[in-house]
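You will see chain A twice below: alongside chain B first, and alongside chain C after that.
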Partner chain A sequence: MKAPAPSARRHVQTLWSWLWIVLGVLYFVVPLIATFDFSLRAKKDVLTFLAYGRIFTDAAFWRTFSFSLQMAFFAIVVSILLVVPTAYWIRLKLPRLRPMVEFVSMLPFVVPAIVLVFGLIRVFSGPPFRLTNTFAGTNVLLVAGYVVLALPYTYRAVDTGLGAIDVRTLTEAAQSLGAGWGTIMFKIIFPNLRVAILSGAFLTLATVIGEYTLATFIVGNKAFGPYMSLIGQNRTYESSSLAIISFLLTWAFMGLIQIFNRGRAEGHLAGAR
Partner chain B sequence: MLLAPMSSRLNTETVGIKRDAPQARPDSSRWRNWLGVTPFFLFTFLFIVLPSAYLLVGAFRNNSTGQFTLGNFLGLFTPEILSAYWVTIRISAVTALGGGLLGFMMAYAVTVGGLPRWVRTTLLTFSGVAANFAGVPLAFAFIATLGRTGMVTVFLKTILGLDLYDQGFSLYSFWGLSFTYLYFQFPLMVLTITPALDGLKREWREAAENLGASTFQYWTRVALPILMPPILGAMILLFGNSFGAYATALSLTGGFINLVTIVIGSQIKGDILYNPGLGYALAVGMVVVMAMAMMIYFALRRRSERWLRQ
Partner chain C sequence: MSFLTLANISKTFGATVAVADFNLNIEKGEFVSFLGPSGCGKTTTLRMIAGFEMPSTGIITLDDMDITYQPPNQRNVGMVFQAYALFPNMTVAQNIGFGLQVRKTPPAEIQKRVEEMLALIHLEEFASRYPYQMSGGQQQRVALARALAIQPRVLLLDEPLSALDAKIRVELRLEIRRIQQTLGITTVYVTHDQEEALSLSDRVVVMSRGHMEQVGTPYEIYNYPTTEFVASFVGQLNLLPIANLDRTARSCTLAGQPVHFEHSTDRPISDTPRLAIRPEEFWLGDGQGRNLLRGRVETLIFLGAIIRVRVDIGDGVLISADLFNARSLNLPRVGDEVLVSFPVHACWLI
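And now, the complex of A and B:
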């Protein structure tokens, strides 16, 4: 038994669906087209990649970009080393602690980046830490801040990954073959979690590379986000080309996650900026 | 072990909860178990708890005398600061509703709406990118689109004779910023609500139709009541997402819009409120709003899991 005219209803439904998709796609695409078009107009009346050329020959671009890349790299390494053993240990030995670790890893959602950086600067500029007095100190602080920003996503990705493998049996099998904790961690747990770790890493990279809020207050114009902002204040066409470059980068990182994660829609969300 | 059959996985999961499987190496001391989680708790204490606690304590302290006071919180009730909260809350609500609606309809289209599979895959990938395309470059993109000489502005003016800026629109104002935020808001909605729509069972619709329900009745009496908690939950997530946004607003308006995040930013740079304690209270106020939003979000998520578990 079907409703009165199933095929007519189906047509209306399909049409209605396409309507919303088209609307959404316009919202996605029009700003990109506009930005791309704008980025090509650095010379009057001709389309030119001049603005891109100027960005790619700007030493400050490469300097800030590689600085942010390094910060992202350290943030990724630290968060993996922090989250994977903890999540593993919680599952194996301290399951009672799991709600608490989960709660703590969600805290960055509640503390917006601007509030986090406010607190970080006030705490770590004074004694006993005095991190903001040296370049190395500010870098450490920035990396720590990025680890905090990435924590909810990294923890969730890793914990879901651990749920899909049999942690206890793997551990016991390894132990009965004489493996120590180091071997278990680096030869068994890490390889089994590579999908979770890689998607967490690229999500962190996508979030951190152009991050502005923490970077501008902790390291200033050394980082890529503040550099883009600086270009935006002085150079019109170059800023559009930077937006396109940055969009392509985000696209590349997300595409890689998609490839690792084949079909799973989870783990794509980063925080507000 | 990589080839472990499903049954063994199920088995250990129940066993692992009910009784501890025998340890390959006997555990000599319980405190060593706690040692394993020390780095995590040390790190989160230093870089999340301590900074938040610093702001909290500072908010309750008189900064010249160092004594306990509620004065900083009373100081929030000045027209300027109240208006900053009000604008921030309004912009978050508008973009949560708008982004929620658009995102829901798009997710509907690719799940229940019967569009080909490739549309869904493409939409989810796109959403993953757009939800993460925020901050400084997003502001640039919208300046090129809806700024004074932006493509859409010029297009509307030359083709349709409609001058947005004569009509009172400005990209650098409330509505302009809302349009910009929507760019990362509705993709976030698509990503969070798609799994919930996937959870709608075909049988429910068939059962409703067998009982003579129309499409309208099915949606209002069956589907929407089930989907309401996840929809509201996702919208609260969107609310929080705009509420904490700083970089996009700053680079779009140059700091000329009165948002709480912008005021905090200026306070960090140079005590524009002339009272550090007031700055701390402002930040604590943000955390309180975010905490409330997240509590509602998790409560709603727990509720929706009851129906939509697969």
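And now, the complex of A and C:
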């Protein structure tokens, strides 16, 4: 039998590629469209943003959302202060430990959040660190839990950023010019990891904003995750609109990462003339 | 006492000896190069002077002060790296001024010094550019200016030209020497490029396997190598097997043909001595001293200014002779019978 001509084979391959792309898009987009459509049907036979209006006028929405934003902010700050020097030191002085640290940073993917939260409550409900008895204590515990939960994202982002710069030579250059460790960290390392840190921060923000398990068991309904769950149980259309809002928020964070990354890439291309 | 002294310096990494028994005195304003192949310990020695590595034994003194265990940021030693190591987040001016900023120098003084440095490297108009907007050669000039801005006691350069293309390398080499002589700064330069070391330095330290092989002026290193390693590493060298060695008459045979030499008796000779001759010492035809060899041209290699003629003189012994590619040169063809002559003072035993 005669084999098909190269142009015909390419045509078939293109068709297959498009088929898989369309299937993939449908798989992801159809549920979203359905959810969005459902969120607009709070009034019978009318498409309306009523459910969104109710959400945005709900004081609990703003209260829980701002609480989770604050928790995310602190989690990001603690993560950066913890992860950047650690990853830097590992790259500079202890490169042999890198595989081990990478493994540890991946543990939050393996250990379920429910196990983590019970472990935290068990350890920190008694002496010497009795944190579960006060609001401030539970907030601290929640931030600590979020730092652990976000570790895979922050460590990976920072480590990749460090891989893109010659950490050892830059450090030695700064040292030869008289810089101490503080100057090296805050004037050389942090500024050159700006994009990596921002990526890690936005990923942490996206993770923390909708997080349910840790928040429920540590601070209850104060956080945005449990609020979304509560709405889902009691108010049908509002829960769909909330799902869409949280999707939009996550996409916005991802978009910001892309914008920052693109800005940097364009800068370098401009310089390559 | 010398300005920079390395006394009995050694460095081991586990069981590996990187540098052994290294002794060197460098005078103020001197330009000294460490020359050797990869892994000979030259960069390790430089890093010990910079303070990035601590010696396993020995003492380093700079301007009569023991700096052996002093942290690198307290040594006031400028360093230029092969990979430029400019801070990507800073402009050229900020890079040059960084060391002064660390020293809390007043801003007006920093600006003045940065302008001086930019003028020194002829990059005045590049002050507000970022490193990624500059070529490799320009970046390395900035790195040099940055190292010099702090007025270091010693300037250390770790293969600074290796990442650059050949033309820029030669240009920047001249620039480095000019700046060094203008400022009179004591400089230690690491390279594996013999041409760089010979053209730049007041003295060259040839290193091999962690040891100093020879220290001397470029002229001494090239013309009077004391070891086989130096003779073969620096420049091209014919190392030819000999027979019938007569030390008294200072003669031997080379592929059955008699050869006379003026070998200094104070130089050590190995148990199986060989005759060493630089390719440029040969002359085609009769007319350059007592030694005359007969052979057949095997290959001709054009190297631009030089033509390398490889001549088989019998018994499988090949000699390389470098001839200047002058228009008047009467070049033989491959397979031609030729006479090759060289003066008695041009060869020595190793």
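Keep in mind that, in the parts below, the second predicted complex is superposed on the first by the 255 of 273 C-alpha atoms of A that agree within 3 Å, B and C clash if a C-alpha of one lies under 4 Å from a C-alpha of the other, contacts with A are read in each partner's own complex, and residues count from 1 in each chain.
Keep this in mind: a residue touches a chain if its C-beta (ideal position, glycine included) is under 8 Å from a C-beta of that chain, and two chains touch if they have at least 3 such contacts.
Since we're looking at a predicted model, the values are computed, not measured.
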| item | value |
| --- | --- |
| Touching partner for A:Q175 - first (chain B), second (chain C), both, neither | both |
| Dominant contact partner of chain A by residue count, chain C or chain B | B |
| Which of chain B and chain C A:T183 touches, first, second, both or neither | second |
| Which superposed partner A:I33 touches (first chain B, second chain C, both, neither) | first |
| Partner chain(s) touched by A:P112 [first = chain B, second = chain C, both, neither] | first |
| Touching partner for A:R10 - first (chain B), second (chain C), both, neither | first |
| Contacts of A:D159 with chain B and chain C, given as first, second, both or neither | neither |
| Shared chain A contacts, counted only where both chain B and chain C touch the same residue | 166, 169-170, 172-173, 175-176, 192, 268, 270-273 |
| Interfacial residue positions of chain A with respect to chain B in the complex | 1-3, 9-10, 13-14, 16-18, 20-21, 23-24, 27-28, 30-35, 37-39, 82-83, 85-86, 89-90, 93-95, 97, 101, 104-123, 144-145, 147-148, 151, 166, 168-173, 175-176, 192, 203, 206-207, 210-213, 217, 225, 228-229, 232, 239-240, 242-243, 246-247, 250-251, 253-255, 257-258, 265-266, 268-273 |
| Complex contact set, residues of chain A against chain C | 165-166, 169-170, 172-180, 183, 187-188, 191-192, 194, 267-268, 270-273 |
| Of all residues in chain C, those that touch chain A in their complex | 50-52, 71-79, 81, 83, 85-89, 98-99, 102-103, 130, 132-134, 143, 146-147, 150, 156 |
| Complex contact set, residues of chain B against chain A | 1-2, 4, 8-9, 12, 16-17, 21, 23-25, 33-34, 36-37, 39-41, 43-44, 46-52, 54-55, 58, 102, 105-106, 108-110, 113-115, 119, 123-145, 150-152, 182-183, 186, 188, 191-192, 194-195, 209-210, 214-215, 240-248, 250-251, 261, 264-265, 267-269, 279, 283, 286-287, 290-291, 294 |
